[in-house]
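Structures follow.
Paired with chain B in one complex and with chain C in the other, chain A is shared by the two complexes that follow.
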Partner chain A sequence: MKAIALAMTTFKEAIRKKVLLVLLVFAFIFIGSSLLFTYFSGGEEIRMVKDVGLTGMLVFGLLIATFLGMSLIPTEIEKRIIYTILSKPVRRLEVVVGKYLGAALAVLLMVLLMGLVFMGLVFFKEHSLAPVTVLAIVLTFFELLVVLAMAVTFSTFASTTLSVVLTIFFYILGSSSDSLQYLGGRSDSPLLKAAVKGFGYLIPNFEIFNIRSQVLHNEAVPWVYIFKAIIYGLLLSAALLIVAGMFFQEKEV
Partner chain B sequence: MADVVRTEGLTKYYLNFWGNKAVILNDLNISISDGETFGFVGPNGAGKTTTIKLLLGLYRPSKGKAWIYDRPAGDVAVKNLIGYLPEGPYYYDFLTPEELLSFYGKLSGLDSAKIKRRSDELLEIVGLSGARKLQLRKFSKGMLQRVGLAQALISDPKLLILDEPTSGLDPLGRIEIRDLVLRLKKEGKSILYCSHLLNEVEMVCDRVAVIHKGNLLRMGTMEELLSIEGELEIVVRGFNEELLSRIKEAAVNISVLDSQEALVTVDSRIHADKVIDIIRGNDNAVLVSMADRRRSLEDLFVSIVKGGKES
Partner chain C sequence: MRGLSGNISKAQKFYLLALVGIFIIMVFVKKDIETDRIKYDMVPENLSPSDQVLGGLVGAFREITADYLWVTMDSFFHSGDWQRLVPTIDLVARLDPKFIQVWSVGAWHFAYNISVPASSVKIKEQMIRQGDEFLQRGIKHNPHIYDLHFELGWNRFDRQLDYQRALPEIEAAYAIKDHPHYVRHMVAHTLERLGRIEEAKKLWKQCIDEGDCSPAFGNYSRLLKGDCRTGVPMYKLRNRGQEWEKCLADKIEVPESELEAYYNAHKDLYMEPEKIQARHILLSSRAAAARVLERLEKGEDFAALASKVSIDKGTQEIGGSLGLFSRGQMVPEFDRVAFALKENHISGIVKTKFGYHVIKVEKRIPARLKSLKEVKTQVRDKVVDNKIQANVQRKLAAGYRWGVPEIKLEEK
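And then the complex of A and B:
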């Protein structure tokens, strides 16, 4: 209940941020710009629309999630709202979770809006909408949930700038973890093999959420896979939030 | 009665890069009993806010301990007994007072019916019933401070911690807040009142601690701190020149208050006796009052802070 109250206020606060509106407008322009690529042949063109659209949603979603996540708790401290919040019988972990849920709701709204524009474009071009396209948007949302949790966690012990850098760094690392594992697996050195494997467990694997090539080729993705990816995203976010709660617990505000 | 607030050797310092200590609060021992209004005074940066943050568990002490209602400071379980008004607070300015109180009510674990009842009551008390649907961004500083007080009171706490409750307010706003505090005091709340506005503390508080550069310099009841050892003030009505000149021999100072009354200051009980005898021996003169001479808290404060540790 307390977390819900925090979430609702955080959501209301988040959607009032002008930066979010600006990012959203840019996302619309970016996703819509795929309409300009009319010089490709029919099949190519629709793939272009999907590729640009999904990439746009992901990139702008990343910006939104990172921006929201990194400022979630530091802003409360800066504006001294945290004093009155923590003077009430609220656990610090509840504050982290509540604020996170509010921001997650804002991210959901942004993904929905971008997703609607994107799906509208695809439908306009293809006169149909494959379920896999919708599922790609769903997975993007869960991917952004992890990014949001990452940004929140870093912000509990690092400065704002460092939080952004760390979030982006780990995102890039996590997005290439499959390639890293592949390269590591081919290495002759058993030490390097083990190191890369161990590293793989520590870094979130963002490639799990990536079903873009299936969308481009209209291939179906098994429900089990989608389900597993969602669970993975939720568990990872929860684990990150617990870490964030631990750091925040120790913090003097 | 158990202490509402108690600290034992409460200390907060920071170590800088070179390992040097910057002491913010040094070995603070205070206790506040039930129903007491305790003034915590000191110049800006004296350690008042640090103490509050230690009491609320926002900071961890470097040394020493603090308890609120016999639970360690920062314990979530006692937080519903505490109402806190921070200095120069900010609230979500897109909310209305009603929404804000509902938010803090939920954080306090109250159900919606209780929140509704409490916030109606509180908005009435702080005089914001007319502005309940107005966004806080449109509020003046005084109004924000009153919302803050309402927020602090939402769970009907027994202890109020007020940090500079009247800072930045105009004289009228100050009087309003002060009257509210006096009203809460009458209701039996225990209050920790931090301020550097001494005349306010003098009007509101039962007991005062003077803190400067992290050190507790003096603590005591208003009476103990402000009465000047041995000096008495006698008010006499119906005096004439002859009487005054006789009193003058025993008095330290005489000031004529109006055509009827004069204020006589004496430095000992013996001299007070003499003055009273003189007054009694005069048919026209009446003894109106006699009391220990008091100085203002401001006088005391200046003498303490300038003179370091006074006896």
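And then the complex of A and C:
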């Protein structure tokens, strides 16, 4: 209950941030600009609209999630609001979870708004909307939840700048995970092979959330896969939040 | 303080335990998802190590990078920048191997747009081969898409004249559901080229029976009449005049004596018909024509008079001149009178559907036989064509099922 109350205030604070509004406007412009590219697309207009739109949502979503996540706890400490919260009988993990849920709600709102514009555009171009297009947006949201959790976790032990850098770094690593695993598997050294494999379990595989290729080629993705991917995203986020809770517990405020 | 620190470690223990629990579940979920991704064909297969490195570098932006390059590919094509087009096609295909368009458009660039204008036969040949290999790669990534099989079959049919290797690909496209109706037509065409006329007939019949009539009807009746195009390359039918095809024909050596023999045996083909050069004056009534005739008899110049009074807008300004023409180019009534006139003689009044003519013949060129020197190219084309036909028939009779087997390309 306490976490939920905290979530609601965090959400209200988050959506009042100007940077979010600016990013949202840029996202709209970016997604809309796909209509301009179609002129150069060599007969692949719908592919361009879908690809630019989905990638735009991802990129702006990443920015939104990173900026929200990294500032959640440090600002509280800076503004000394945290004392008021911690003076109440509330566990520190509850604080982390509450703040995270509030930010997640804000990310959800942003994804919904971007998604509506994007789906409108696809419908305008294709006169239909394949379920896989909607599912791609859903998975993008869960991918962003993991990124948000990463940013929150890093911010509990690193400076703001460092947490942004780390979040971006791990995102890139995670989205290249398939290739890294493949290349690691081809290594001659068994030690390196094992290391890469172990590393693969620790680093989130963001490719799991990427069904953009299926959207572009109009291939259906089974519901059971979507369900499993969502579970994976939630588990990852939960694990990251526990780590964040552990660091926060140790932190002298 | 001690109590507090003991409390903390207790909480930490709980966190750690929870973390380990979640982690174990996650490993299983992830493994399960990874098998799913292979099962549902979500991970691009058959990627080379370099493709993997490329994929790793662009990560989540693989498709958008492919799209950017696709757009640049289009501009390289329009500016004719082949040097940059070729590697770009390759990159797009590596980034997004499921992008069907890039395989088919890429192969089209190789086999046609780059190959046709290339100046050297070697480059033409190499580009056609590259297009073939490129499509084979595309099929490896997308075995269940009819487009690529069909494209490869067409490439071999049209560019390589290799019907033997074209057939399995076109048949593979035909075996895939949701293929468009022209795929079946191409199977029939290929069978015909291979001399398997009965099978081709059966397919055309099947098309007609299923209501897919428009090209089927003509082809079926043609085959029934025994007019078969066994071994006849497509270009012979379409006369596209492409340099590549010319190269093929140029390969065949024809001795002068053979040209002469053909020329002597087919002189009727090289006769030039009788021609006359004439002027005319067109008038709307017989009375007006009679007045014109009177003025001409008084010695007025024909051309000058034509410019003044002729109502034929097309020739009035040039003194009624009709230039050189042979029989059959004018309406019959006109022809009959004009070809009967002697040089520099003027006709009477000739009535045609256009009105009333007065005709003057200025020059007569009798029918003549064109010299071999004048018609050498046409004679050579005929001889070469016959040679190809004979060659194919001989090979087929000997049991070969082959298109134009003896013509192989080498650098000239």
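Here, the second predicted complex is superposed on the first by the 249 of 253 C-alpha atoms of A that agree within 3 Å, B and C clash if a C-alpha of one lies under 4 Å from a C-alpha of the other, contacts with A are read in each partner's own complex, and residues count from 1 in each chain.
One rule holds for everything that comes next: a residue touches a chain if its C-beta (ideal position, glycine included) is under 8 Å from a C-beta of that chain, and two chains touch if they have at least 3 such contacts.
Because the structure is predicted, anything quoted here is derived from the model rather than measured.
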| item | value |
| --- | --- |
| Which partner reaches more residues of chain A (counting touched residues only), chain B or chain C | C |
| First, second, both or neither for A:53, with chain B first and chain C second | neither |
| Touching partner for A:6 - first (chain B), second (chain C), both, neither | first |
| Partner chain(s) touched by A:176 [first = chain B, second = chain C, both, neither] | second |
| Touched partner set for A:84, first chain B, second chain C, both or neither | first |
| First (chain B), second (chain C), both or neither touched by A:216 | second |
| Touched partner set for A:61, first chain B, second chain C, both or neither | neither |
| Partner chain in contact with A:93 - chain B first, chain C second, else both or neither | second |
| Touching partner for A:16 - first (chain B), second (chain C), both, neither | first |
| Residues on chain A lying within both footprints (that of chain B and that of chain C) | 91 |
| Chain A-touching residues of chain B, taken from the complex the two chains share | 53, 56-60, 76-77, 79-80, 82-84, 86, 88-92, 94-95, 102-104, 106-109, 148, 151-152, 155, 161 |
| Of chain A, residues touching chain C in the complex | 37, 40-44, 47-48, 51-52, 55, 58, 91, 93, 171-172, 175-176, 178-180, 182-183, 186, 201, 205-208, 210-214, 216-217, 219, 221-222, 224-225, 228-229, 231-232, 235-236, 238-239, 242-243, 245-246, 249-250 |
| Residue ranges of chain C in contact with chain A within the complex | 8, 11-12, 15-16, 18-19, 22-23, 25-27, 29-30, 32-33, 36-37, 40-44, 47, 49, 52-53, 55-57, 59-64, 67, 70-71, 73-75, 96, 98-101, 105 |
| Parts of chain A lying in touch with chain B, wherever the complex brings them together | 1-2, 4-6, 9, 12-13, 16, 79-81, 83-91, 252-253 |
